[in-house]
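Notes follow the structure.
By written order: A, B, C and D. Residues from 1 in each chain.
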Amino acid sequence: MSSEFGKNIKLSIFGESHGEAVGCVIDGMPAGIKLDIDKIYVDMKRRAPGQDKSATPRLEKDIPHILSGVLDNVTTGAPLAMIIENTNTKSGDYSNLMTVPRPSHSDYPAYVKYEGNNDIRGGGHFSGRLTAPLVFAGAVAKQVLEKKGVTIGAHIAKIGDVRDKMFDKNNISSELLNSLSSVPFSTISDDAQNKMRDYIERTRLKQDSVGGVIECAAVGLPVGVGANIFSTVEGHLSSIIFGIPAVKGIEFGAGFDFADMSGSQANDAYCIKDGKIALKTNNNGGVLGGMTTGAPLVLSVAFKPTPSISQPQQSVNLRTMEEETLVIKGRHDPCIVPRALPVVEAAVAFGLLDMMM
Amino acid sequence: MSSEFGKNIKLSIFGESHGEAVGCVIDGMPAGIKLDIDKIYVDMKRRAPGQDKSATPRLEKDIPHILSGVLDNVTTGAPLAMIIENTNTKSGDYSNLMTVPRPSHSDYPAYVKYEGNNDIRGGGHFSGRLTAPLVFAGAVAKQVLEKKGVTIGAHIAKIGDVRDKMFDKNNISSELLNSLSSVPFSTISDDAQNKMRDYIERTRLKQDSVGGVIECAAVGLPVGVGANIFSTVEGHLSSIIFGIPAVKGIEFGAGFDFADMSGSQANDAYCIKDGKIALKTNNNGGVLGGMTTGAPLVLSVAFKPTPSISQPQQSVNLRTMEEETLVIKGRHDPCIVPRALPVVEAAVAFGLLDMMM
Amino acid sequence: MSSEFGKNIKLSIFGESHGEAVGCVIDGMPAGIKLDIDKIYVDMKRRAPGQDKSATPRLEKDIPHILSGVLDNVTTGAPLAMIIENTNTKSGDYSNLMTVPRPSHSDYPAYVKYEGNNDIRGGGHFSGRLTAPLVFAGAVAKQVLEKKGVTIGAHIAKIGDVRDKMFDKNNISSELLNSLSSVPFSTISDDAQNKMRDYIERTRLKQDSVGGVIECAAVGLPVGVGANIFSTVEGHLSSIIFGIPAVKGIEFGAGFDFADMSGSQANDAYCIKDGKIALKTNNNGGVLGGMTTGAPLVLSVAFKPTPSISQPQQSVNLRTMEEETLVIKGRHDPCIVPRALPVVEAAVAFGLLDMMM
Amino acid sequence: MSSEFGKNIKLSIFGESHGEAVGCVIDGMPAGIKLDIDKIYVDMKRRAPGQDKSATPRLEKDIPHILSGVLDNVTTGAPLAMIIENTNTKSGDYSNLMTVPRPSHSDYPAYVKYEGNNDIRGGGHFSGRLTAPLVFAGAVAKQVLEKKGVTIGAHIAKIGDVRDKMFDKNNISSELLNSLSSVPFSTISDDAQNKMRDYIERTRLKQDSVGGVIECAAVGLPVGVGANIFSTVEGHLSSIIFGIPAVKGIEFGAGFDFADMSGSQANDAYCIKDGKIALKTNNNGGVLGGMTTGAPLVLSVAFKPTPSISQPQQSVNLRTMEEETLVIKGRHDPCIVPRALPVVEAAVAFGLLDMMM
């Protein structure tokens, strides 16, 4: 089992939270793509902590350093390797976690699987910090997709009981997606954003955390990306999106709401619009038979609450095999969802690019 | 893009609904597994149409014919190839679909992708009939998993607004799963089952269809199956489960409900039970950091309503590029969910086996 | 480890010599290719036993039966599955081999690896009969390549001490290759062919066998197929060619003769010919840096003598762990090389097609 | 097509000769392996230029810098990333090669394939320098294999017309292999070594280069590594070995000499030795049916002469499309074979490890 994704263009992610560096290799990049490095930085910053009051005040300098595959900002076709050096690492904070696994973190199964050899400092290879190279790869993928006319963007659909407006599934503009994907805490409704921020702040004061849902869309996709059976758009994107820590559910189009619908409500009829075949509705979220339909691709991703909370929690001591109360120190995001926005976009971008090459 | 799944044990599915045969090759089977062919038939029958009043009265004889890889019912370690011949195929029913794509089916994107060359008779390679070889492969995988102490079973969690009792996520017996996986229309509550059957029957009379949700569980898994980043249990299972036609959403454990939860509610505390490490709750559905925790693996899968309904629907003529009203003839399941039960179990079984080898 | 090949178009081979059938699945076929079935039969026949006096008189009817992926002889883009039923199987001949492994056959390592579960009748999955589906797949691949302007053909370069004329590496016509690939015992020189036939006949009379070398070429390839490091044309073709039983060596261009050459002799200078870049010599056999150069691809493949000979041989009894003299009954090719010609062409064709898609 | 190898443990190689760094990611490393860093340095040094009079006097400091996957010299099970910074790069030497491809180098097909975007400085991603990360990965693999009882070593079998003693294929000690793999210019016969050094020196004085053959062996392998058809030991090792620049041929055991042998000479009879099954000869080089037999694995690899020679060569100008005489400046190895010894060992080690996991 591996930290690698992709069939036509491969993404290999490496590094540990408190090791020397995190990074990635993108193998199979097309040659001749001029990269806009500033645009990559925008996504890196959206993911980085401390960009927004809703996130942890830790300061990581997520500066991607390209080692190969790019000459004068143009891809050469050779593997693109990138590293981000780790600078601000306080391993002391995590010392007692060696023996007492944090609830709802990977600590316990990782301990069993790697027989205690895995690097647990800051979560090691399991840390959310490993999403930084994914965001980098996604930002690169977005630029390749942009040349193919594809635009991707996401917003926070829900945090706790606060809901944003949802995408009008059959009518999403690239302008809307571009505006969503250029800011750190993107929502369609400003009012929802304010309420979400309040909700998160209240949660923080309670020394607690909260989950949420991100809705992501891609427009400009040609008809016929993906295939049925084991190469579906849904399955392929899921296999990369579930690589984002804390993701626990994915749905496409109406998703779980389909269970309540009748076929006559759910089916997306065809029509002719501007001389072309179009869909009258888009309950299927832009995918039929595993293939894109030309309508916007729309999916929602559920995140669980940040497992690290300041409240005392019950755990066990792996050495003494006795129950033990655990208090996690350090500062943690009360809600990971805002910082996960560019990560979801990145996973969707890289997954789509892989299928389009 | 391909009709193949798996990293360590590969499943290649082939065939068309109205072609000579559907079948599969399982490459990487361990040698020396004695197969119980009758048990395989049980699952094949659960998926076959006409087994239950809720399903289509068409009669397919889904008799798997093993061509290779098995000698005296024992696997040899060579690729296991199996075919099911197609016998009862009425291609005439589908003749007008050549030019008018059925809404919410794969017809339109397949037509574009394969430039009109794909076999559209009965849905061709996109037909639900292709789940028959998946059920076969899953039934084989279940028997290998059984030897490793793993049991899998599923029930219908929801059809329309009728809900079954849900699994008690932290307390699921292999007996319950075995009983669920041996009958065609499995629910935990008999009362829910009756109401679901009523709901489906009423839907049929309205010439309509309905979606639903299947909840599936696996118990007996060791700690540490899967890995984080791009080898998560969730991502790997999703990539095969979305290969089942009509699946539009997947969630693990509390899934989308996590969005409403606080970390203090959601986190699964550890305890010592019978001298071993155990979880006090199982909101994470048996997976942390992409790896199994030893608690039951619990996931839910959303199905959209059967796209084929008898009511007239609006579509377009691909040749004249004019709008056209389509009436789909033939008999179709008003609800695909009951027949999908063994298919979900099969996908989960094969996906888990692949990760455990 | 698996009986599957390919990155972009996958070939999965299954079956046992004395089982129900051998066959294959080609997953990833382009749609819309009109197949010339008669041409496929030509290659099947060239491989089949009994086509030529130099080969075994057993009569196998290698009639490929296409199950899926083709409609009215045109590929649909769905997986192409094909089976060849086994009809003329005399398992009795092999009964004593269960316990006494045949020297230089796979019997012993297969027995250890599969713990005695592998089907040993006629060699089971290890039989040369499994090259029949490879020839089928190669014949299909040749037809796809033909549309891209690529022609493949092979001749027997050497049997024992009898040598054929070798290809003029920088000057090979598609006409020559087409003529070589349409007959069963192809050589460039008729005289060499006669001597080879004599050599084989004399070997047969001595109850012995002999090895040989096949030289294969492909012309019409564009510049830049393949890539360096782990996607070289040489490495990719080798990984499929070594799948042919009895192959023990591969060389490209001057191959092992390079060891004796100086750079000033070996280097292929560039020139301008008809306004285009061309090579003055082709010692590199059409590949540089793992990529095709536009010059003919030329490779040689070494085959060991047929391991099955009628002379008594020393072996061991796997049960009693005592040494035992083994006499292999039945009829076997004194030289496998002539029948291997279409197999080498097939492997080269499928390997190239995989890299060109 | 990609710079990545492996099914169970993956090796992704990146970097350019004159870029910032070359390096690799090893994904799928087992956890808990204590690495002997000094031993890794031995192999890195054997490959590095300037270690031996026979090689180029350029000084590269090939110091591998591990970024992840190792804690206190013990593998964690997370991806092992390593970089070697490039320090001594004189790009000026290569400036005129932009337009005039060097004969027998990858320049021309790379130019066509990547449409002029590939980094050509020092050969870019096609440089022999990319074998440094392969040697690193192989040195790591050797240490994992050592724990499994497997030892690997190689010697120069031939340079020009000078031949070393060959391995006694059925009787190779781990001591011999260890002694060969610990020095830079390893031969079995000291006399042959002296003659080879003379041959190379004479070649250098003629401003020419020469090819050669490396023979490599592995002992201690269990029976049954690899599988037949498309997972053969021969095919799998070839697919990585041909990734070494200048390799043009591979043979296992008697290889091309099999063509001259009769089955009665070639077949390796079985016997009982010390109560165990053994082979009386090892013409098959330790592989039957694609699987290891327990006898030493023995293979030979042919290298072409270094393409870079100081003599004027004929080439073409890619812009003017006119013929042009090229003089390659800078210093180059007159024979790449000595420095390729640890690279061949590395490729064999990594390929075997991948098959054994």
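Just so we're on the same page, a contact is a pair of C-beta atoms (placed from the backbone, for glycine too) under 8 Å apart; a residue touches a chain by one contact, two chains touch by 3 or more.
All figures in this text were calculated on a predicted structure; none of them were measured in a lab.
Of all chains in the assembly, none touches chain C and also chain D. Its C-alpha atoms fitted onto chain C, chain A is found rotated by 180°, rounded in steps of 5. Taking each chain's centre as the average of its CA atoms, chain B and chain D sit 47 Å apart. Inter-chain centre distance (chain A to chain D, centres taken as mean C-alpha positions): 40 Å. Residues of chain B in contact with two or more other chains: 1-4, 13, 113, 125.
Chain D contributes residues 1-4, 10, 12-16, 19-23, 25, 27-28, 31-32, 66-69, 71, 74-81, 83, 113-115, 117-119, 124-125 to its touches with chain A in the complex. Taken in their complex, chain A has these residues touching chain B: 1-5, 7, 11, 13, 101, 103-110, 112-113, 125-126, 130, 158-161, 203, 206, 208-213, 223-224, 226-232, 234-236, 238-243, 245, 247-256, 258-272, 275, 277, 280, 283-285, 288-294, 300, 302-309, 311, 313-316, 318, 321-323, 355.
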